Amino acid sequence: MAETVLETEGLTMRFGGVVAVDNVSLKLKARELRCLIGPNGAGKSTCFKCLCGLLTPTDGRVFLRGEETTGWEPHQIAALGVGIKMQVSSVMDGLSVHENIWMAARRFNDTQAARRKADEVIERLALGPIARTELGRLAHGERQRVELGIVMAADPWLVLLDEPAAGMTADEVARMGEVIREMTRSAAVVIVEHDMQFIRSLASTVTVFHRGRVLMEDHVDRVMSDPVVRDVYLGKRA
Amino acid sequence: MDLAAVILVEVLYAIASLALISAGLAVVFGMMKVINLAHGEFMVLGGYATITAVGLGVNIFIAMLIVAPLVVGLFGLIVERLIFRHLYGRMIDTMLASWGLSLMMIGAFKMIFGNTTTGVSGPIPGFSIGNYQINGYNFFIIIVSVLLLVAMLAVLRGTRAGLVARGAMQRADMASAMGHSPDRIYMLTFAVGSALSGLAGAVLAPLVGLVPTAGAAFIAKAFITVIAGGPSLVAGLASASGFFGLVNQFFSFLVSPVVGDVALLVAAVILLRLLPRGITSRFFRGKL
Amino acid sequence: MRGDARRDTAFILIAGVVLIFFMPLLIDTHVLTLLIAYGMLALSLGLIWGFGGVLCFGQAAFFGLGAYTFAVAGINLGESTLPVILAVLVPAVFALALGAMMFYGRLGDVYLAVITLVVTLILFRWINSTAGPEYTIGVARLGGFNGIPGFPILNVPGRPELMIWGETLYYVAAVSLLVVFLLVTWLLRSSFGRIAVGIRENEERVSLLGFDIRARKTILFAIGAAIAGLAGALYATWAEVVTPTLFSLQQSAEIIIWCIVGGLGTRFGPILGAAALAYLKFALGQQAIIDNMFVLGLVLVLFVLFLPRGLAPELARGWHWLAGSRRRPARRRRAPRAEVSDG
Amino acid sequence: MTLNRRSFLASTAAASGALMMPAIARAQDAIRIGTVLDVSGIFDAYGTPMDMAQRLAVAEINDAGGLLGRPVELISYDTQSDMALYTQYAQRLVRQDNVDVVHGGVLSASREAIRQTLRRANTLYFYNVQYEGGVCDRNIFINGVTPAQQAEVLVPWAMSRSGPRVYILAADYNYGQITARWLQKYIDDNGGEAVGTDFFPLDVSDFGSTIARIQTVAPDLVIAPLVGGAHLSFFRQWAAAGMNERIPLASTTMGVGNEHKVLTPAEGNGMMVAYNYSQELDTPLNNAFKERWVEAYGSTDAIHEIAVSHYMGIHLWAEGVRRAGSAERMAVTEALEDGLSVDGPSGVMTIDPQTHHAILDVHLMEVRDQKMEVVESLSQRPPVDTQAVCNLIENPDDNTQYEIEF
């Protein structure tokens, strides 16, 4: 039986009087692919931020590989071997593609090994031609790809991705799907996503958020055909 | 009892002068998120404008309350057009350019007015509370700064310009959404902020005298007050001035004015460590 | 990359040695020594601001702390070797404490500026009010506004009677600047330096990579303070007096201006900016027609408006143009790169 | 580290320009006086008239044929009220300008900043300003009044006109600190009590809380050795609170920078001071001096006590050179130690060989309508405070500033 890599217990996040995440319990096994979906304001992004340490939950606990990480700093969580990519592309604009990826690899390798690792990731993502270009000069899709490279370079066992496909062309989305599937060979992946097309192509388990709670959790196909979920997405009261 | 009254007046005066010193900076910072490091020199310019006007035979109150704000407001308008308008959105650059401007102004003051202490004598006679004598001018400063805060509140609450300003303080793009050119708003804000700095400098000049480098003493205090005040303009000004003024005077009386100053600075460090977004980020939220 | 590093080091060494022997032909060594102390001070801010993205409004505090430590320790110990070491350590430890307080408190840029500025003011105020006889450290009177005159100046280690001043002090200062420059170069090439640049570029990203940015910024801040402290010790032995004005806002302002004018994100830029502006100030101090504050201010405004990347990148472009290589495309402003071959 | 060619050429040009200027201006065989004074900044009210006075003194010497048949050249630097600039310019004076003597320094802080530098460089130094006393160093001559010459007579006089409870407000640096202790001593000696002592850094300009505090103690007299432009606000705020009509004020510094002419008569009237000089002294030498000053500068407005003592200091040194027949440091020192004296606008001034200080007249004065009216004159007072601790005849290598201890 595969080990549980991510688990939350009654995760709750309140902002003033608003309960953004309400008593959410998730469980993720090693190398599992999981998409978190839901309409705007459903709490999936807030939940994501609680997982990666950007927010400290008001209540409840988070466990990574059995270790409680509630209230940890993002860098401590990342240092466990968790790869994180935020919604807005977050890269080091003034540095080259190689330097960006090298830095990610450097956290878990010495200088030399990090360079080899960076070369390897660049080759896998076909970033070779732009390896020495500054990120600030790249197009949006390329930057997203580099950011995935940054995530991969650390050899994570858990990857947290917030809307990786946003703003990409169909081609790029397809390539992104491949990369993510490749990641699941070594890591569990959590994706927060809007794009149903993309989620369907990943064919994964989906957790549906609604008003801060988990509405249902099942395979994407069954979720998509569920009338309640459809109502939620169409804006009707469930 | 008399002593308590004297101390009360001194504390109120300290609070009022802090609010007065900081008002111009607060307006510019609140609306434009620009720290004008030449603020202190704008104040000194107001002081010089007053002294010059008095020297030319203008009534001292007219010089302080009308001439100085006009002169400095106009000056602010000019430098905004020449320098700052090219730098919006580049916060650090704006700060540095304003620092450069402050050095230029100090240099210019030295060349024009000479590097000596000048001043005018206070226009209000001493005042006695029981057995104690007190500088009557303190009351004038307290009144001016109360009127100033009330006026700011009234403008923000009750006028269309205030509405636009409130919008702009919330979100930079709000004003343009309301059909106003941000360029013009910035220009006017800067001019108004400068005029307030000029007023503050003019009103304080008779008390402390002027040297070209006097601005440095003001800018640090104003900077700290504005940042510690936080997002709300009037409530922030009032609460931060109140807090720092109290701390300052408490230690000034107890030990010495220097310890009072140091206590103010230490209080600022502690306050910002605890409330990095300023007092009004936690208290008085939603107030103006 | 390794070859690059070796070539860069060799180049710095050769250019440095040439300058050390060449500059005295142009400028009096007494003035040059001051320019060197200022250059080192500018380099310290250039390191933490240009490469670490930490804009410190109070770099003068570390400079003053270094100078005062040197003076106070010198009076107590009667020689200068340990005082020099202390002049580096004391500001560094102070910066560690201050940095930890700021960076672990997750303060934004503006707040960082306010805190550093306020701490400098506190130090200035405090040291300015220590004229009374009760303020002594060991046998050294702090002296308040007077400052501390008459402390032992730099001497040959272990030989307090062999004092280093005048021409010799210039060579000692110049070599220490060269050594510090090489250390900074090495630091920037190391992983620590490259990650520091990453932090400047995108703090959140680097922390999401698993690096503790608070600790790293604190350490970088302390390294900058240590260099500023050494510059302070050099200044003290040169000036033969330390006064509270070392802690003044004016001094802090000048350091920032040097960095801007010289060029942020380069190692040589701040030194160049410091030397050029300090010399300009010195030259302007000789005449009374135009006030030097006015000129400094004008220079700052013009640079921010028209040459925000400073002199060094322009000089580098000129150099590459002269050398016939135009491969270097114009860099994006505000994002200077980590390596600089023009340094 | 490379420099581009253009910047290299520019810096060469600038450097050679700077080096050449003084070389051309310098006369070959002149005797050189170097001076460092705050002609700008917050102490300019002291330094600027001193600068005028030294130019007048040097002109007088040169008009009389110079010294030893050589012209006297003045090399003067403006230290801009910045203590750090003092050592910088002092070093330039001795290393680059090779001056024969250095005069100047305004605040005690500036004197202490350069005293050791000049001693190390074997350059004779004259500090011509009233100060807190106690400096014992054979390389320096001081002709300003010391506490024993000034405060010792001022304190009992002021107390006799007010009462025994005295509050002291002093500038927070060595002058103020040491002077405050001397004041306390003289207050005690005369059966009074120092009921409070506050020190103010030189940039403090808001005295509101202090004025309230003084009232809680209700002293009979306030003595205020305050210094500089910022402290001037104290006298203004004191008057603005109406205190000048309630508690009399004495000062060891008020008027030294012509403060009594900046304050209105209403603000200044009644303050008690004691100095070596007043413009109101009606002596032939003073009247002649004022005439020459008016000829050079138009009016006597700028003349103040330390401008005159600076003027006297330069003449003392010049007399020493004449007597020694050389401008060499030791020769001049020995000539001066011979008890040399000169007569000038502030009366006769004689060098005390034991302390290198001066024996001089002191006048008790009261400020009246922006003038210092002499109430009583005490002639030829020796610097007994410094004499008590310093004997350069017995210990020529002494190099300390002694401070009063209780």
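Lettered A, B, C and D in written order, each chain numbered from 1.
One rule holds in what follows: a contact is a pair of C-beta atoms (placed from the backbone, for glycine too) under 8 Å apart; a residue touches a chain by one contact, two chains touch by 3 or more.
Values in this document were obtained by computation on a predicted structure and should not be read as measured data.
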Which chains end up together, and which apart, when chain C is taken out? A | B, D
Hop across touching chains from chain B and tell me the fewest hops that reach chain D. 1
Chain nearest the overall C-alpha centroid of the shown protein atoms: C
Please identify the chain with the largest separation between its CA centroid and the CA centroid of chain D. A
Chain centre separation (chain B, chain C; CA means) in Å: 33
Distance in whole angstrom between the CA centres of chain C and chain D is 37
State, to the nearest whole Å, the distance from the C-alpha centre of chain A to the C-alpha centre of chain C. 42
Distance from the mean Cα position of chain B to that of chain A, given in whole angstrom: 48
Among all residues of chain D, those touching at least two other chains are 172, 199, 201, 203
Can you pull out the residues of chain B that are in contact with at least two other chains? 110, 258
Residues of chain C that touch two or more other chains sit at 125, 128-129
Every touching chain pair, please? A-C, B-C, B-D, C-D
Counting only contacts in the complex, chain C reaches chain A at residues 191, 194-195, 197-198, 200-202, 204-213, 332, 335-338
Under the stated contact criterion, what part of chain C meets chain D in this complex? 12, 15-16, 19, 26-28, 30, 34, 125, 128-129, 131-133, 143-147, 149-150, 166, 181, 239-241, 243, 245-246, 268, 279, 283, 286, 288, 315, 318-319, 322, 342-343
Can you tell me which positions in chain B touch chain D when the two form their complex? 3, 6-7, 10, 13-14, 110, 115-117, 119, 121-122, 124-128, 131-138, 207-209, 211, 213-214, 217, 249, 252-253, 256-258, 260
Within their complex, state which residues of chain C touch chain B. 55, 101, 105-111, 113-115, 117-119, 121-122, 125-126, 128-129, 249-250, 253, 256-257, 260, 290-301, 304-305, 308
Looking at the complex, which residues from chain A come into contact with chain C? 52, 73-80, 82, 84-86, 90-95, 99-100, 102-104, 106-108, 111, 114, 134, 136-137, 150, 154
